[in-house]
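Given below, in the form of structure tokens, are the structures.
Below, chain A partners chain B and then partners chain C, in two separate complexes.
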Partner chain A sequence: MNTLYRKRALLLLLGPGGAFLLFFFLSPLVFVLAESFRDGAGGVTLMRYGEVLQNRQFRLVFVRTLKMALIVTPLAVLFGYPAAYLMTKLAPGKKSILMSLVILPLMTSPVARTFAWIVILGKFGIVNHTLQVLHLTQEPVRLMYTEGAIIVGLLQLFMPIMVLTLASALENVQEEVEEAALSLGSSRIGTFFRIILPLSFEGLIMGVTLVFTGCITAYVTPAILGGARVLTLATLMRQEALVLMNWEAATVIAVIMIGTTLILYNGLRLFKPGNMT
Partner chain B sequence: MKKRVMLFLVVLLTFSMVLSAQGAKESSSPSTDAANPYEGQTLNLSWWGYNMDLLDKNVVKPFEDAYGVKVVSETGNNADRLTKMVARKDNPIIDVAFFAGAWAYKAMQEGVIKPYDPAKLTNLSALMEQARDPLGGNYAVGYTIQHLGLFYRPDKVDKITSWRDLSREDLKGYLSIPGITTTYGPSIIYMLSKAWGGDYEDTEIGWKKIEEIAPNLVTVYNVSSQLNTLIAQEEVYVAPYTSFSWGNIMNSGLEVANVIPEEGLVGSFSVVSVGAGTEKEDLVHLFIDHLLSYDVQMAEAMDMVDSPARTDIVLPPEIGDNLTYGEELISELHFFSEKEMANNQKEWITRWNAIFSN
Partner chain C sequence: MKKSKLLIIITAVMFFFLLGPFVIIIMSSFSGDAIMKFPPRGFSLQWYRKVLNIEMFRTTFWVSLKIGLAATLTALLLGVPIAYANVRYRYAGKSLVELIFSSPAIVPGLVIGFSLLRFFIYVTQIPIIIGLYLGHTAILFPYTVRVVSASLRNFDMGVEEAAVSLGSSPLHAFFAVVFPNIKSGIAAAFILAFITSFNNVPISLFLTGPGVATLPIQMLIYMEYYYDPTISALSSIIIVLTVLVVQGAERLLGISKYM
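Then we have the complex of A and B:
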């Protein structure tokens, strides 16, 4: 009776959210996946994948997008871990101020944020002005509309997500465990790698997945900071779908983007400290 | 008691008079309906949504008042709106569709627009010759003319006199051009071909020049607002610009000038078409005719929203100078085949991507 009651309660709690996801997320996803394998006559084919993968332009854009995601994600971890760790150590008042500062960029429109980068990285922007004042360069350096600009923009866009995810995971690491390790002679770095990292690993996987996925699928930031010079998977997909109306190619690109993220998500789990022994 | 009865009778009489007046009003409705058969109908438009407040004032509101209809707008850029219309092809909702450049041709190819009936457009004959049927087959009417101009900063660079000047060494790092997916992107190839080879059709010359210019560009812009930002940030000193963005460029507060280069400028029409699935053909034609009417074309020009496609609009110089208007300017415009641009699109985008994003 108790089990039945629990099952019903679970169904009731999960039902609305599950139904929403099923209808608005899973069903379009299945549709996209099925569509990518369909040929004109209604049969199953890998032809569309072959066409897209054989296209030199696609391969170039895929490698570039992957490269940028693989640069931004570790940088977000590198900068995000200390910030998240510090947040968990602060008194509640200071913690909430810091949390608000982290959340603030997420509450700004991505377009406004990206235009702010134009002011910073532009020919007469703050960075170029500083470089010239310091006599490090005579002429303005081209910073905008480069891969570097996109990497900086994506890092700013997704670092708050990394910090919030890690902070949430680090909240669950009891301070006593850390103190015990230190009192038993472990160094701070050793404690981080042996105690804190394994205990917050789930949060790290989640943060890495969210940031990586964000980098692979981001459209506005690469479109504005990269322009036509630096096409990414998302800008290429838009071009195929909305300009050329080549839905077949756009569908294949979408599936490749999802597949890349899933491979990373599951691949990371293999590296979980407990799994490596 | 008597007073109460009197009061009751007065109230009853007043009530019955009100009811009879209402009845009389209702009984007169059929004759109003007969005079205005469109009363209460809805007309669905698909257009850009730029300057919507002015379009409401000059186009929508007068039409709604004249015919008692409700106009509903679906807004967005050409690509997004065409995609929606194609996706809803089996259950179309758009009665009137607005497109620019090759997008109108693509809409025709996709079967989401259908030919208009020239007999139902009383204002058609008042339009410029090229505006009456720019796609052929009566699939669209050009209701406003635009052009791709060339602007430069006189305080920063020497005067621009030719499309060949885009290859000038001193413009390196200060130049931008529209992307190939924009309305005017393909026109750049044609104009460079004309400037360097003397022939619009020999586009290989234009492509060769694009390859040479590519490293000199700040970036390629995909929407006019992006160019406005680049100009305001002083990133760009020279660029081809769409005529409807000239007002914003002038408002940048910078010293800017526009020129008619020796090879001329690129002209195009924004067109209006009948939605393929509409069941309100008469109302649609009334709307298109209204859009082409003298009053609407004049109001749109005076508010500097759209340059007139009619030949009988006379504008004061302070307005006309900021629009695609006047014999001198219009005689310098080249109109390229939307059909050719639509058919070349896939190949040209691939070629462009290979140059710019390698």
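Then we have the complex of A and C:
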């Protein structure tokens, strides 16, 4: 096939979709990015970033958001790894049933999923009912609109992503290698750290990246379970943009959110199994 | 590390944590109480009746359905050629093209929604519903391109080349030879993309205006004002529909292998 034909074919194939993303995805992003550095008189300024970064509420919310991601991610690994490992060892039939039970929540509306936690953690919810039946408390305890509620909600929201990512990485760990290690006298724990973990490490990094960045940018969970009382970066940004009409602050938060996500995305990839052992 | 007891216990706890809330929400939707209470007293279908009687839920359901269909079809129409180009041809800058078309999945949805709102208000004055459609289409690209590419990789392109060398036009060869072999991949992409659009909150959150909202946004608005099991009933309906669609798609197309 000649090159001219190929060039034209490529242009026809990639052009329309490329143009769409250029106009309706990249341009708006660049526009907002540029906006955050404009000073109104045609010059460039970092003043807006200074204002937001010096704001006490912003710093509190930023640290809180990172803290919650730092709690949720290890918990997702702790529960996701054993589950993913066990699933890869099951017979195909059983495995596909469990697989679809993991995929189902992922495909269900996050609003519907998060609402369940109101039924569980609310004033008249299951947890408070149980506490009162057991006479552990007289008055209902406030569980909603707390950091704990958001952490629980985020963990349930992102668990399927962790399990699926780990399960597909563990698929590639050959059973023979594992058995060889065990028969040569390695303990189970030792086999995990020396064989299974290094061989599925890329999947672990991928899962950690997806869950961590997901926690930082999630909106629905903190909106429902934290409300205006416990703000995160996402709910703060929405509040600045749509309630307080403070476009500048919302823009700066948007850029900080992208920056944090991209740094994590690229930063976590630097971890390679080789660097660990 | 064969199937030890500890492993089974942790896995069971994980599944209980993952799926328990679904059971609870369905139970609470049949409540006879007037407010959210657990355990619910009595049994009634009043909340289901209420969901169907609230006009805003019906209106926004149709908005979600239409936006989802339009955005999914557009993302497929533009995404299939991209997937085809990436699997079929080797060219300079391919990894950059792949990065660009997967980037709507990496950039936080909230930021995409916000930037579209800012951009549209400042630069153009297009109606909000068009903005909603464009925003949804942009975030569906990564799904359609990825799923259709995976399906194309399982197809032997040599068959298409044979058709072309035997005198078939490239376009005809695509529809006669390639398309029938990636039909199930395209169907899987359609379902994944539609569900993604239907459930989306971050994009829709900013592209909502007077009279224009999607169902998830309307649910969030309702929850701010009322504390009753109406949302349980609506959530239960959504959960059951999702189960049916996902199970059906898994049976017929095996969508889990594309995830």
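Keep in mind that, in the parts below, the second predicted complex is superposed on the first by the 227 of 277 C-alpha atoms of A that agree within 3 Å, B and C clash if a C-alpha of one lies under 4 Å from a C-alpha of the other, contacts with A are read in each partner's own complex, and residues count from 1 in each chain.
Here is the rule we use: contacts are C-beta pairs under 8 Å (C-beta built on N, C-alpha and C of every residue); 3 or more make two chains touch, one makes a residue touch a chain.
Treat the numbers as computed from the prediction; the structure is a model and nothing was measured.
Residue contacts after overlaying the shared chain place A:115 against chain B and chain C alike. By the touch criterion stated above, A:17 is placed in contact with chain C alone, chain B being left untouched.
Looking at the shared chain after the overlay, A:57 reaches chain B, while chain C stays out of its contact range.
In the superposed pair of complexes, A:164 makes contact with chain C only, with no contact to chain B.
By the touch criterion stated above, A:239 is placed in contact with chain B alone, chain C being left untouched. Of the two partner chains, chain C is the only one that A:25 touches; chain B does not reach it. In the superposed model, A:85 lies in contact with chain C only, and not with chain B. When chain A is checked against chain B and against chain C, the one touching more of its residues turns out to be C.
When the shared chain is aligned, chain C comes close enough to touch A:191, but chain B does not.
Residue overlap on chain A between the chain B contacts of one complex and the chain C contacts of the other covers 115, 118-119, 122, 124-125, 223-224, 241-242.
Of all residues in chain C, only 1-4, 6-8, 10-11, 13-15, 17-19, 21-22, 24-25, 28, 35-39, 74, 78-79, 81-82, 84-85, 89, 91, 97, 100-101, 103-104, 106-112, 114-120, 122-123, 134-135, 137-138, 141, 170, 195, 198-199, 201-202, 205-206, 216, 219-220, 223, 231-232, 234-236, 238-239, 242-243, 245-247, 250, 255-256, 259 touch chain A in the complex they form. Against chain A, in their complex, chain B makes its touches with residues 79-80, 82-83, 86, 106, 110, 173, 179, 181, 218-222, 226, 229, 233-235, 345-346, 349-350, 352-354, 356-358. Residues of chain A touching chain C in their complex: 6, 9-10, 12-14, 16-18, 20-21, 24-29, 31-32, 35, 79-80, 82-83, 85-87, 89, 96, 98-113, 115-120, 122, 124-126, 129, 155-156, 159-160, 163-164, 178, 188, 191-192, 196, 213, 216-217, 219-220, 223-224, 234, 237-238, 241-242, 247, 250-251, 254, 257-258, 261-262, 265. Note for the complex: chain A touches chain B at residues 57, 60-61, 115, 118-119, 122-125, 140, 142, 144-145, 223-224, 227-231, 239, 241-246.
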